[in-house]
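Structures given as structure tokens follow.
What follows is a pair of complexes built around subunit A, which joins subunit B in one and subunit C in the other.
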Partner chain A sequence: MTSGMLTDTTFYKSQQVLVYSPTGSFLGTWWDAPLLSSIKFSINSATTPWVCKLPRTLRNYNSDGTIAAQNIVNVYLFGPGLPSTGLLKFAGKIDAIKPSLQATGEEAVEVTVTSYDSAIADQGITGSQTYAAGTDPLFMMSQNISSPLSADGTNPTSSGNTASYTFVAQTMKSIYDTCLLMLPANWFYRCNPLPASSYPYGASVTINVPPVTAQNTFIIGNDVSSTTLPVDSTQLKNEIYVIGTGTNINAYVTGSDISTYGARIYYKNDPRLTTVAQATTIANGLLTFYDRALYRTTVRVIDYRGSIGAGVGYDIETIKPGQSCQIIDPTLSPEFVSTVMPIVSVSYNFDSIDIECGSRQPRIDGALAQLEAQFSDYTMGT
Partner chain B sequence: MSATSYLLNGLNINNGTSFFVLNKPFDFPTASPALAKIARLEGNTVTGYDIKPRTIPIQVRILGTSRSNLESNIDTLYQALATPNVTLSLHSDGRYWRGTVTDVKLSLASNVPLTAVCTITFTAFQPYPWASSVSANDTGVQQMSGSGPTYTYTYSVTGGGNIWTYPSITVTLKTPSVQGTLTSAYTPSNSGVTQLLCSNPGGTILNNDVFIVGWGNPTQYEYVTATGAYNTGGGYIPISSWTPHYSYASGATVYKAMVLGGAGYTAGGVNNNFTPRTAIPTALSVGDSIILGFGVFGSTPQSLTVSTAASAGQTTSVFFNSVTITNSWPAGTPIVHDIRPTSLTITETTDNRAITVTGDTSLMQVYGDSNIFNCDPTGQLNATGYNLEPAYSVVLNGGSPLAYSGIFPVLQPGATSFTISLTSPSVPSIEVVMAWFSRWVS
Partner chain C sequence: MQQFYPKRCAFEIHEVRRVPISQSDAVRQRIVVSSEHGRLFPQALSEYFGKQPDVERLDLDVEQVNGGEHVTVVVHSHVAPHTWTLSATELDRQRTNHFDTGFDHCGMAQAAVASWHAHCQKHTDGV
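Moving on, here comes the complex of A and B:
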């Protein structure tokens, strides 16, 4: 029989923060770290950094030798339903250190831990890479995953689409975003942390498409603290004009809903496009991306852990961006059942998460919402 | 009858002459639940609790024999109260909180001459008081159970106090071994060494006995051959001329191996036993791993699995599972009983908390080596009871913090069950010493 005390991992969730040198040698444990919160995991983007405030003195904030630039920080979670060796929830490197003394006498050191996956915006190619016609965009993406990122072993190897493109002096993110436009609707990429204790540490890159059936069902009255279900077509674009390099290297495509919304044009100038076929591929991708009314749903989901026997709450640690979800309200008659939506982002706050979902009306298997395009983390840029 | 002592920063604030405690609370620490609202569900759900620091108000009467004496007593009291991070003990058993006096209100008592009454607010940042003395549990040497390669030992410890506490757990390798330690350093420049300066490994050392110098080091070790008994006066084993291939620090382990006897082995032959040239130093269990040619510089040793138990001191054949011998080995070749663990897990089964350390540079490898798990996040405790830094750490023989996976065990006030799991090439024996300061809710 378990103790039922707050130490009981069959009821309660806890964390361990382990710190390693840049080469992966273990340095110590931040027992004084606050609970992991205020970080955001997103598809097609990097995880936001974790700003961790440790209650340490100005003079001896690094007495344990763990706080130095580029040291690796791994945050493991323990508790019901989690591996006994812990769930690696966040991994990154120390990028900023700010010891402080306040007028009140409070001393602390604020450490900014940048997620490994920020590499997608910090690394890229300096020359050019040309992929001939007939190349699967998934292949282009897989060829541009570089350390500390590695490919998720479950990634599909074929998307069914082919294209040609020449990448010139682009970050990984820029390359991936371009490839998304060449892939069928709904594809996404997501970064997953890997432990520092084994090679390859860093993050893996999942490239996939959300299933059309719901992987997560949130029940009002049981799991959901609050939700909003707005529809927004203010960002809709139904005329796409793409201009490449060279005479008459351009493409113009339109959606079927101009009579409904009126003409809303989107221009894109990409000097890397050197053929009409390339420009058309990108134009169609942009049309798929932008020509839709946006369902931008937000859901606050509460963790089930700590609620003994009540069965209230959801296993928030299983939810990842790129998964699909739907909301059910059985308190209504007939019960409300939302469309199945892809999860675009998860804002993590240890005891609860705020999910943002986007979907295309009316097809539940339509392209991911324009919301994706609006994500930009602190390092993002193309 | 003398007054009960109540100590604040070592000052008795109830000494029966100048200080009298009028009021002391034994409140429960405040637990703040982490609540969340579920839409259309009555009430809240709870995801955890935050135990707040304790604020302990204590009312003390101060008496003086004169005005100046009263003022002097107040000064004495204030001097004790002004130091931050001190201890407060209000119980008969001496348990104490650690904290700081954060407020004092004092006024001269009306209508009572030479008397002052003050209310001291003591803030205990850790809400639960600790016992004043360390408690401990020692399993003694225990041979672990199982058929290998993972062996277990399960037991239970009763913690004391009335709330969980954070133990220090020392696991020591006690698999029998005949060994000593170098009392002098050796390097490759020490050519033709014939006296191996070391502590006495014990037992009888005979001509042709073989020792592994550097045993426990994962990469640098080699064998030497004794030419006679340990020289107690000189503190050395006489050995055949030896020039080290590696550098060995003083303190490196000298481990007595078994010795291949008879005519040795020829490569390609199928064998299932060897006759030891001298008595084997330790007992062998079925399934134990022995390594042929271990410590022969530049060679590739071969692991064998014991098929019949053997006793310490045995001079008759030692049997192992039949194998093809891969190299030719002359008589005199060392054969070691491999007792080096590769993984250690402590599971606190009561609350499903497990922690694991792996790897030959992190784990106890030699008889007497210890892995120490300091499970106290506040760094309160070590194996001997006091003041271990860093908090939440695993070390080997007191070295630097080691990598681990999992979560540190705790000790409940009642019985807490533990399972020690050791992955080892041979049946291991261990001793587990647990030390802790009991804690109370108030």
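Moving on, here comes the complex of A and C:
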């Protein structure tokens, strides 16, 4: 029997924002923090920062001594179905502090908390790192996971593919993106905040491939209200030409769908490629990545917590990017069953999430990749 | 109040058993140039055979049979190896919209598992 009070964690979901010094000493709790929202967890990318607006006066916004650059902020969730010690949903460091004063008299301080996993774009290698032929790209990735990131203990140990490559002056993200091209289709990486028991905190990196069967099934009219299911082949590329360094160091592969879509060429020049085998591996990876129609669907899923008696909703805390999902509309005859798609991003809004599912991964440098594709795109007339 | 069990993620990725697959360079290249769902065929085989505890590993290869290209799947398990064959052009069938009947990687993997079951049954019956 629930008490019906808003603080009853057997019924409602709540959050606690705990703040620590950079060395891990507990400083205090932000009781005035708004509910965690507008953060996006994605595959092949870092979590977006959390911009937290605290209603505090300009003079005394740091009266509790918690707001200082590089302090650690951990957001824990409590509620039904969650660990009694709390679920660490977001962890990061304070990177920006913006006190504001409005003409209306409103005073607030906006604190930007950057997730630990942003390290994938901030850290990397300055020299070179060579992996000989026969190396599993998974091994290359796991060798390049450095603090504050660590490998997820559930990562597979073998992908079935082998390759060789020399990484030169690259960020972790750049290394991972290259490794994804050497792995079989659909592999991804995802960063997860580590639980508090693993101080000094950080994030673990999951590297895996979404299952071909659906881990999540969303039924229209029950779990989700509506959706759109676009299929877009405007960015499809089925003819890949990769050029490396040296005489005749190149590779050319074409997809079997040239007869369907016509030839759409993509050029790639990578000076790090020094053998034909390396160029072929990257060309195959690019063909696998680009030679597919883009399915991109967004659905909003509502949390069941807070309305347990109503018997509706989904356990949104179990949904993570990189899982597989399927959308079913039973009202159609015959019922519509979508293809099984990977979840590429989860935008978190505390009581609901917006899921992007699709056949292609978003990237931090997605816009650059699109631009690069357009520059080499003679079929689109750009 | 009646107990409510909300829908949730049915299983975690690391709980999926995937059978190791060895692929020849030829079949690897053939699959890469096939189609979006053709490229997922090895993974589908790995996961569907992963549900069969007796299956230890799979070998994938491509060979020419009567002028046609065929993908062969050899299943290694507690009984004698079983070979299942598929026309390579099947892998090329594209899905251009939601309702196309292009290559179905999961359906084909299930067909391969069914064929292996029949093979095991024959072995048990001593046929």
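In this text, the second predicted complex is superposed on the first by the 351 of 382 C-alpha atoms of A that agree within 3 Å, B and C clash if a C-alpha of one lies under 4 Å from a C-alpha of the other, contacts with A are read in each partner's own complex, and residues count from 1 in each chain.
Quick note on the criterion: a contact is a pair of C-beta atoms (placed from the backbone, for glycine too) under 8 Å apart; a residue touches a chain by one contact, two chains touch by 3 or more.
It should be emphasised that the depicted structure is a prediction, and the values quoted were computed from it without experimental measurement.
Novice: Should the superposition on subunit A be reported as showing a clash between subunit B and subunit C, or a fit?
Specialist: In the superposition, subunit B and subunit C stay clear of each other.
Novice: With the two structures laid over each other on chain A, which partner does A:Tyr12 touch: subunit B (first), subunit C (second), both, or neither?
Specialist: A:Tyr12 sits against subunit B, while subunit C stays out of touch.
Novice: Would you check which partner chain A:Ile220 touches, where first means subunit B only, second means subunit C only, and both and neither mean what they say?
Specialist: Only subunit B; A:Ile220 stays clear of subunit C.
Novice: On the A-aligned overlay, A:Phe26 touches which partner chain: subunit B = first, subunit C = second, or both, or neither?
Specialist: Once the two structures are laid over each other on A, A:Phe26 reaches subunit B alone.
Novice: Contacts for A:Ala68 in the overlay, against subunit B (first) and subunit C (second): which applies, first, second, both or neither?
Specialist: neither
Novice: I'd like to know which partner A:Ala132 touches here: subunit B for first, subunit C for second, both or neither.
Specialist: After superposing on A, A:Ala132 lies clear of both subunit B and subunit C.
Novice: With both complexes overlaid on chain A, does A:Leu101 touch subunit B (first), subunit C (second), both or neither?
Specialist: Once the two structures are laid over each other on A, A:Leu101 reaches no partner at all.
Novice: Could you say whether A:Ala169 touches subunit B, subunit C, both of them, or neither, answering first, second, both or neither?
Specialist: After superposing on A, A:Ala169 lies clear of both subunit B and subunit C.
Novice: Looking at A:Leu58 after the superposition, I want to know if it touches subunit B, subunit C, both of them or none. Which is it: first, second, both, neither?
Specialist: Neither partner.
Novice: Name the contact category of A:Gly313: first (subunit B only), second (subunit C only), both, or neither.
Specialist: both
Novice: Which value in Å is the smallest Cα separation between subunit B and subunit C when the structures are fitted on chain A?
Specialist: Nearest C-alpha atoms of the two chains are 14 Å apart.
Novice: Under the contact definition given at the top, report the residues of subunit A touching subunit B in one complex and subunit C in the other.
Specialist: 1, 223, 313.
Novice: Please output the residues of subunit C touching subunit A within their complex, sorted ascending.
Specialist: Per the stated touch rule, the residues are 1, 4, 6-14, 16, 18, 20-23, 29, 32-36, 39-40, 42-44, 47-48, 91-92, 94-98, 105-106, 109.
Novice: Sort out for me which residues of subunit B touch subunit A in the complex.
Specialist: 34, 36-41, 45-49, 51, 163-164, 350-354, 356, 377-378, 390-393, 401-407, 410, 412, 416
Novice: For a test of understanding, state which residues of subunit A touch subunit C in their complex under the given definition.
Specialist: That would be residues 1, 81, 154-156, 158, 160, 184-186, 206, 208-217, 223, 229, 231, 233, 253-257, 260, 284, 287-288, 291-293, 304, 308-309, 311, 313-315, 318-320, 322-323, 336, 338-340, 359 of subunit A.
Novice: Help me check something: in the complex, which residues belonging to subunit A touch subunit B?
Specialist: 1-3, 5-10, 12-14, 16, 18, 20, 25-29, 31-32, 64, 76, 78, 84-86, 197, 220-227, 302-303, 305-307, 310, 312-313, 329, 331, 351-352
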